[in-house]
Amino acid sequence: MTERSSFPERASIRTDLAVEARQFLTQQGHPVPGVTIEEEESQYAKVSWVKITSPAGAQAMGKPPGNYITIESRYLRQANRVVQEEIGQILARELEKLANLAPEATVLVVGLGNWHATPDALGPRVIDELMVTRHIAQYTPEELSEGLRTVCALAPGVLGITGIETGEIVKGIVQNVRPDLIIAIDSLAARSVDRVCTTIQLADNGINPGSGVGNKRLGITKETMGVPVIAIGVPTVVHASNIAYDVIETLLGQMKGELDLGIMGRLGEADKRQLIRAVLGSEMGDLHVTPKEIDTLILNLSRVLAGALNVALHPAVKPEDMYRYLH
Amino acid sequence: MTERSSFPERASIRTDLAVEARQFLTQQGHPVPGVTIEEEESQYAKVSWVKITSPAGAQAMGKPPGNYITIESRYLRQANRVVQEEIGQILARELEKLANLAPEATVLVVGLGNWHATPDALGPRVIDELMVTRHIAQYTPEELSEGLRTVCALAPGVLGITGIETGEIVKGIVQNVRPDLIIAIDSLAARSVDRVCTTIQLADNGINPGSGVGNKRLGITKETMGVPVIAIGVPTVVHASNIAYDVIETLLGQMKGELDLGIMGRLGEADKRQLIRAVLGSEMGDLHVTPKEIDTLILNLSRVLAGALNVALHPAVKPEDMYRYLH
Amino acid sequence: MTERSSFPERASIRTDLAVEARQFLTQQGHPVPGVTIEEEESQYAKVSWVKITSPAGAQAMGKPPGNYITIESRYLRQANRVVQEEIGQILARELEKLANLAPEATVLVVGLGNWHATPDALGPRVIDELMVTRHIAQYTPEELSEGLRTVCALAPGVLGITGIETGEIVKGIVQNVRPDLIIAIDSLAARSVDRVCTTIQLADNGINPGSGVGNKRLGITKETMGVPVIAIGVPTVVHASNIAYDVIETLLGQMKGELDLGIMGRLGEADKRQLIRAVLGSEMGDLHVTPKEIDTLILNLSRVLAGALNVALHPAVKPEDMYRYLH
Amino acid sequence: MTERSSFPERASIRTDLAVEARQFLTQQGHPVPGVTIEEEESQYAKVSWVKITSPAGAQAMGKPPGNYITIESRYLRQANRVVQEEIGQILARELEKLANLAPEATVLVVGLGNWHATPDALGPRVIDELMVTRHIAQYTPEELSEGLRTVCALAPGVLGITGIETGEIVKGIVQNVRPDLIIAIDSLAARSVDRVCTTIQLADNGINPGSGVGNKRLGITKETMGVPVIAIGVPTVVHASNIAYDVIETLLGQMKGELDLGIMGRLGEADKRQLIRAVLGSEMGDLHVTPKEIDTLILNLSRVLAGALNVALHPAVKPEDMYRYLH
């Protein structure tokens, strides 16, 4: 899990999801210039396209300019194969449009995160399930590999285990493998518990490390890698402080109009944050939480993502065969 | 994880820990008759002895009469071997006192929970690490097994995987093995995030299923099993609703005296719960959350518990060798 | 893995498979009275029905009287979904015939073996994948559960981890659950490397512990449990000594007629065994070996077995949906 | 597991161990010029130093020139902590001498093999246990990190999962990290079952892919990487054909002098190999086998290796603390 969202000052609540950032800003009454949004609903899912087109929009959203596609379905938390296939096929379709690959393109899929921490294991698990073809393609006559693109994959592990920045590892691979596109899979932090394991975000501007401690880190972006980078993220954790924040917001909303708020009128962002610290304590203030069913959720999601990648990357894999070539 | 605490009406917030229930009641201003508490602190840990002696105390606490010993240390969340040994040795000492075993006693250790759901895997992992001796003891001359008690163990799995109530499985074993004591290890739900993986509770009245849905379930108690049952529990999850509840309490406390509260004065338990439902949504209302480092926390805790059991049950295993005979 | 085949003296080579025992005896020129065999081949599999009907047959085969059904397919070692479905459907059909269950029957499935030793983990993995219904059936109106039998399951673990004989644990469950049939899944030892993970054996006489050290152990049979027991076994290991034995047999066969054998003529069973000991050394003499791809083989086999059980036990699960309800 | 030993024609039996190759050649009566060997025994272990100094020696041994150090102990198969510490300390000592590192040297440890195939998981498991420091060292004042070298690590995964040659991945890391030494950990194939999980080999000439299919592969050597490469290997599997070969050798040896051998006198290497094929069958001819306890063996070995690396690489880690800093 890469901690990469660093909100500008006035938006103190952390999220990796563009759709949440926009929602939050709108609720706060902030105008959001240079940000457009479109939405579409199907039986089990809602798809949103957020486009950040100006520096002002990027500043307001706390995210770099680019296209952010969000697929949401609260049914993803159930073990429902029909839903999983619908979501997987939407993901495949959107990824294919965003990637816009030439038939002979080479793709490197990078699974970020830590095998040994369940909520952070989504990336490595997708790599394990994914169909790779590069080692076969290199030695195969062209006519035999029709309909299969050249795909390779890596789960580099996390800094605490390797001692090497993930960006450094990926850069080395890119120099040797020379892919036309990098797809990076990552676990994200959401602002709201509703989002956890119910939302998949695609973005065409890569993985951008934050500006704090993270600013020494090498992002995985077109700038650093020299090739386009699509990031696919799923929120698997939420800051405990966000739960607290939402409670306060709702409480205040509920009380408005009922009484002359006195102190309440003066309760600004800073007060709310102090309140949260008081409730959660200093140690717990940075606690990320995850649902207790996380093992099953990660297992099912990794199959949806790997299946969608197989469909999106290989013309020969039909949407209805999305689960057929998983490992 | 056995959902077993069913609070009486006025105490709507769920916890499996006696020490938390008492704290909560005290904060609420409820008198707690028939409940005594003693405490002691050492360098890294605080030990509390809560004794529920009357039906009124049991009613107020939402827990059956008995002895509840709590070992707390926020250092348990760090991977600190020195702390782990201190806690393990305290646990061994308290368990030994509570069990008060004859030298030739047979002990059955039951690891409740689900191997495949990390926050619920503590029980099964302890069983995997534990030293068992019953199969050796049966064929060993007495002089060779001096200092070793007869210990056997089982991780029966959860209802969703077996289709059999855990209590039914354990009862069958007890009928055949005829132990003198059952020790049941379980993951618990805490009220407060601070408690998660920082508290170990021992109780001498077994595992008591709640009165709701759970009342069809067979507890693991002296009444159902015919032998004493000591329960060892560690909170590994917290209800998201509890985080919300604490936020509201703190907020109201903070505002008192600042203004004529209007609606606030009328905000009773029921209102608070409705507010929580509004914030968390119907689906999330029952969400249990767990820290994202749960894999490492469970691994370390299972070693502390198994080590402490080895020391407490076998006179031949010295406290300083607590980690020596783990699998 | 239960070590249960104890060959009578003259047949010194160990196997858990009836079909192998018969093959071995026939090759040795031993008459095999009271043993019948029938065979049938389909595209990917061969099915054999061995029936041991007399004490003499049992003595010769080193196995108790009963029906032994063997499904063989060397394609099982490949990750071929079409083959896996064919084998699974044959297994379901044979199991259904052997079990001959009333619609309202209750079945207990027991997964023998050790989760933490891959070649011995087949039983526990099948339990994890299996659909259990007993906990639902107990509270469901009859009309809703039509087509589903009452199935429950347990993976009791091995003696070294529990300190309790598996038979004792199962007996306790049986006393409380009162099933009409027990199905026990186990990893077996084969005589020949060809058999490893390519053969599935069903037998209607349960799990019979050997007569040596094992004779203190409680079998899982109709005699000990009071209900019929079907054993389903898959060889996952082979004794290194068996590989050696086969080499010697083939070598001698090859040389016959070529020369006056001198010592070779006098090389009896005892000499061969001594030779094997000389080659393998005392430590390695008892070495069980397994293919290095055992992780993948066990994973695939556990799905074939669990899928076949779902089809065989529940009329509502159609053969073509064999993989649909796996966990 | 890298299949890297390609024996020259007359030595048809495969091994990755120099000490076995030499033993085999000596038994065959082949002279082994340009190869020296020294040995030393301690209570639980035997250490051998094989030096291949000439092209003729390399040709005869089927291995490139270099230093091969072998630590053997059949006690390694037992779960004996005292033995494990002795072996670990010998390994640390030999590795330190072979590496001869400057205090400020940077070391890259590469764990070859496949996490999901137990006998091939040794390399990745060592990486998981190992203490890495590079990410700390980069931001630490020199005086605080005294006694710790700069260590980083990677388990790149296998070709079938990544689609990228391991050598390509490592080369990319080397270009970015610029280590002074690479240490590559790998599972090996042994000739003899006695060697499996009882032998640790160090070699100072890296990982050399074979000349067959493997010759398209990029080795991990000083030539390909530009920095010295030490390989640490442990045999975890054995070819089934090698077991067969040994049986035949022993059988023939036993019969010599007893009779005029006839065909036996004419039984050359080619005949023996044909015989082995006849016994093992075409499919099984390439079967690698591993002991059924392989899960436990790999677990214990990974701790011995990671502990020894911590001691050898960091002056601040004392031999008696070998197990102290494992993850």
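Going by the order they are written in, the chains are A, B, C and D; count residues from 1 in each one.
Following the convention adopted for this analysis, a residue touches a chain if its C-beta (ideal position, glycine included) is under 8 Å from a C-beta of that chain, and two chains touch if they have at least 3 such contacts.
All values reported here derive from a predicted model rather than from experimental measurement.
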| item | value |
| --- | --- |
| Chains touching both chain C and chain D, listed by label | none |
| Listed pair (B-C, A-D or C-D) duplicating the A-B contact set, over half by residue number | C-D |
| Between chain D and chain B, distance of the C-alpha-averaged centres to the nearest whole Å | 46 |
| Separation of chain A from chain D, taking each centre as the mean of its C-alpha atoms, in whole Å | 41 |
| Residues of chain D engaged with two or more neighbouring chains | 116 |
| Contact set on chain D toward chain C in their complex | 1, 74, 116-120, 193-194, 236-238, 240, 243-244, 246-248, 250-251, 254-255, 258-264, 275-276, 278-281, 283-284, 287-296 |
| Residue numbers on chain D that touch chain A, as the complex places them | 115-116, 127-128, 132-136, 139, 150-157, 159-165, 168-169, 171-177, 216, 327 |
